[in-house]
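Two complexes come next, and they have one chain in common, chain A, joined by chain B in the first and chain C in the second.
Right, the complex of A and B next:
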């Protein structure tokens, strides 16, 4: 509930109203994103984090919550460091490419 | 010598004529289509190149050596080389000599397309003169050569392992039809000429066959001209079947390669995955399947249908789903191109395929502050060091590089120590050219503003990208293995020989990609002992970690890495040396012996 008096915008997520079609598509193409343990290794190594706040951990989380990911993806260089460090072996580069591909 | 058939015609030549007309028209319009699909400047360049004497001579020479004599194949596998050149060159000589016979004996028939092919049927006593007997001898000789090639081809079909091929392609239906037609053409020709040899004359091959047939069928049977017709019909129909299926089978490579060679010599390259030059490469694929054994993904019988030969087949069939799957999976190591006799560029075809994908979201890098990054490298000394993304995950490499530079007294600035951009190659390999270009533009601005004269790189992926896609006038792009070897030869660093024995792994992008093979070996050879891997240099096996692949999972890559490691450990080395941070981290994951970068090896044995 937002009464309009807050200093920062509301971060409440109403999952009933969220459009999860992108997440469903990603999950179908990359079932391994379910195994993400949100350890943040990808965030720590990301080359683009400096410029656009990119992080695969956050990317997956935001898509699950229906939040916008276009800003963080705007500087991803597909360098593959996140894939190299992922302890779950998630093919993050494919997740990013699929996300860009099916983004509406 | 006289002509046996006054009209110079018999209905059995019709299947051959129809087949020949079909294949010629098909190839003519196919060539026109490819020409029309080429971008305007490429088309001009190609057509002009045909009139440059040096290029035209090279075209003729390459076509003769590669399409007829198969010289490249001879070098790789002499038995396969003999098999292919005996059929191609033998058949070519049969056609040329056939024309020569007609020209010498019945020049009035030279305008008839079929006369040289069925010469023996239409003449009588052609071997009476010395000239005729000699030509007949040559004809029999080349027929024997072709038949020996066909025999090898049949043996190869049953036991390809005898020829050193572990796996070959699964032939499609139309390929099988074409293959049986090709196999039957020459035995049928032998049989037909054997039936006629009593009348037309012959040499050491068809004359004895005629005697044999005489024993079986009786002299009277053979004297009757009508009795020899069925074999001539069969020969003509076999030619018809072969020529009708040719455009739809792998045998299309025969005419296609003759056009691919001049196009390549003109300097054309793939610009569109399904048009122009790419189409020419796809049709030039002979479907031999050499790339299957070469492909690092094919270990343990995995991904067998994802090799370049199958990509070409699916592109010809227009199977979009499979084309995308195959294109996305490939490691882009370039080994298939290295072993390909025709030089089909598997990786370039795949990258072009990837570039056709449409995206709902495209990075623009507007938020990257080039000014700040440029300020960080301003007034840099002569050497600018760009470690690259992968090196940042293997700090032992960058530490060693800096240590060696310090020992050699080289002044340098580390460009991406705290932050930086990717070189753009992974994005380029994913087929997103516009994004890669944006990165190239930004990096170029940063590097040019630094004032450095040498751009030193630790990662072969970056090295290839900077070498080929950046325009850095006045700045030398160099990989650390080459640079260190130069420091060694100029005496800036001295290496003491240790007692370890290394196997050197050629990274795909440095070896096949940039042709750097000797400098790293010189360094390892000076700093330690070196033992060659099972296969190395151009044949080196990809570590399996390549960023080229988009869809290969972490688990699927393990078998490839282990296979590459087995190959490296063939000579029982104490440790493995490589020159790529990605190979280093991939191998380190599964290797039982230590894996070191060339910089670490140099640093460990280096005095300033």
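Right, the complex of A and C next:
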């Protein structure tokens, strides 16, 4: 019998328990990703963003928070516009490629 | 005879004003309430952006005071406005008549215990920016663990906070937090250091370089969101709650040390002294300048001048520059034919 009650999963992130292995790997390959200031230029210029929710800003943040990014990665067309606009000079296209290699 | 100028407050603003007025040929009288000169800077360890030892700054200012009359542990009993100048009565019984008075009364650090949700004075592992500087200078502090895993810095404690009674930005704490975060990372390379910020206001020369270095060279984590509450865990650590506003999700993290960046409030003594000569204060409590663009060091009263953080939060170089500006304004005022 379904009474219509259920438990909502918690959306809270417990930072101490986050698995940072992907982030550590990425920052080793691209030390610049540490300097992301979450300005959002990458997402604003992204060709795929408005249809797919792709966002390099969110990609980096989600990796730092241990969230799944594989779906987001599959939406990237690797055009490299995000790299052109990044004010911190992060090679975002390479970050995406390195991520893809990690999941391969 | 040399003209006397009374300077109220012996912090860096008062010292620089006195030294500059001395060099301009006046006879400055420096009145300080505490038992030492240097104010807040005297209890600081190193200053951004070049990690200059604060003691060097105080010592170099002190070295230029030979010839200045200094009264320590002396308060202001009252000030009367005269037709052309002021009569200042000191708590030690000395009465001075001077054509010009400079208020260099500085600021007061926000009492972190008032933000009860952060647990300062309640939990063992919560300290303030000032406590940390004292510890850097070598004064032991048993609240600081010997091998912390996680260290957090909470920006805007008592700043930009209506309920804390201070809507102003204290301006220097963002940069101080980054400086102290780097210093902690140097002392504890294995610790993870987090800064909880609302905005990062890094306006000055080299500040942005400091920020990039904190991110890139030291791996300090910047988490955008104001800490909402802190509680103690069963093993004596701290559980810190905030929202990660960039992902829109609540975060929790255990900390071994939490540093609260207490903001700058106007020194309450300043308002009572100012009211004796009918000089006004802004809503924030800081003293009101004649003009916030062209006359920051001048008051609305003839012969009354301001230097440093009594008119609003300021950095050390800004304070020193303003003190020189106040000395020059006093000089021009006294030179003017009446």
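The rule is simple: the second predicted complex is superposed on the first by the 94 of 104 C-alpha atoms of A that agree within 3 Å, B and C clash if a C-alpha of one lies under 4 Å from a C-alpha of the other, contacts with A are read in each partner's own complex, and residues count from 1 in each chain.
To be clear about the criterion, contacts are C-beta pairs under 8 Å (C-beta built on N, C-alpha and C of every residue); 3 or more make two chains touch, one makes a residue touch a chain.
Please read all numbers here as calculations on a predicted model, not as lab measurements.
*Asks:* Is this a clash or a fit when chain B and chain C both end up on chain A?
*Replies:* fit
*Asks:* Return first, second, both or neither, reflecting whether A:78 touches chain B, chain C, both chains, or no partner chain.
*Replies:* So A:78 only meets chain B here.
*Asks:* Who does A:14 touch here: chain B (first), chain C (second), both, or neither?
*Replies:* It touches chain C, and chain B stays clear.
*Asks:* I'd like to know which partner A:70 touches here: chain B for first, chain C for second, both or neither.
*Replies:* It touches chain B, and chain C stays clear.
*Asks:* Touching A:32, do we find chain B (first), chain C (second), both, or neither?
*Replies:* Both partners.
*Asks:* Taking the superposition on A as described, I'd like to know which of chain B and chain C A:101 touches: first, second, both or neither.
*Replies:* So A:101 only meets chain B here.
*Asks:* Between chain B and chain C, which one contacts more residues of chain A in the superposed model?
*Replies:* Counted on chain A, the partner with more touching residues turns out to be B.
*Asks:* Once the structures are superposed on A, label A:52 by its partner contacts, choosing first (chain B), second (chain C), both or neither.
*Replies:* first
*Asks:* Which of the two partners, first being chain B and second being chain C, lies in contact with A:62: first, second, both, or neither?
*Replies:* Only chain C is touched by A:62; chain B is not.
*Asks:* Tell me which partner A:89 touches in the superposition: chain B (first), chain C (second), both or neither.
*Replies:* first
*Asks:* What is the C-alpha-centre angle with chain A at the apex and chain B, chain C at the ends, nearest 10 degrees?
*Replies:* Roughly 120 degrees separate the directions to chain B and chain C.
*Asks:* Which value in Å is the smallest Cα separation between chain B and chain C when the structures are fitted on chain A?
*Replies:* Shortest inter-chain C-alpha distance (chain B to chain C): 15 Å.
*Asks:* Which positions of chain A sit in both the chain B and the chain C interface?
*Replies:* Overlap of chain B and chain C footprints on chain A: residues 32.
*Asks:* Mind listing the chain A positions that touch chain B in their complex?
*Replies:* Residues in contact with chain B: 32, 45, 47, 50-52, 70, 73-81, 83-86, 89-91, 93-94, 97, 99-104.
*Asks:* How about chain A: which of its residues touch chain C in the complex?
*Replies:* Per the stated touch rule, the residues are 11-16, 27, 31-32, 34-35, 38, 57-58, 61-62, 64-65, 67, 88.
*Asks:* Give every residue of chain C touching chain A within the complex, in rising order.
*Replies:* Residue positions touching the partner: 150, 194, 212, 215-216, 219, 221, 224, 244, 246-247, 249-254.
*Asks:* Considering the complex alone, what residue numbers of chain B touch chain A?
*Replies:* That would be residues 357-369, 389-390, 392-393, 419-422, 424, 426-427, 430, 432, 435, 439, 545, 547, 550-555, 582, 585 of chain B.
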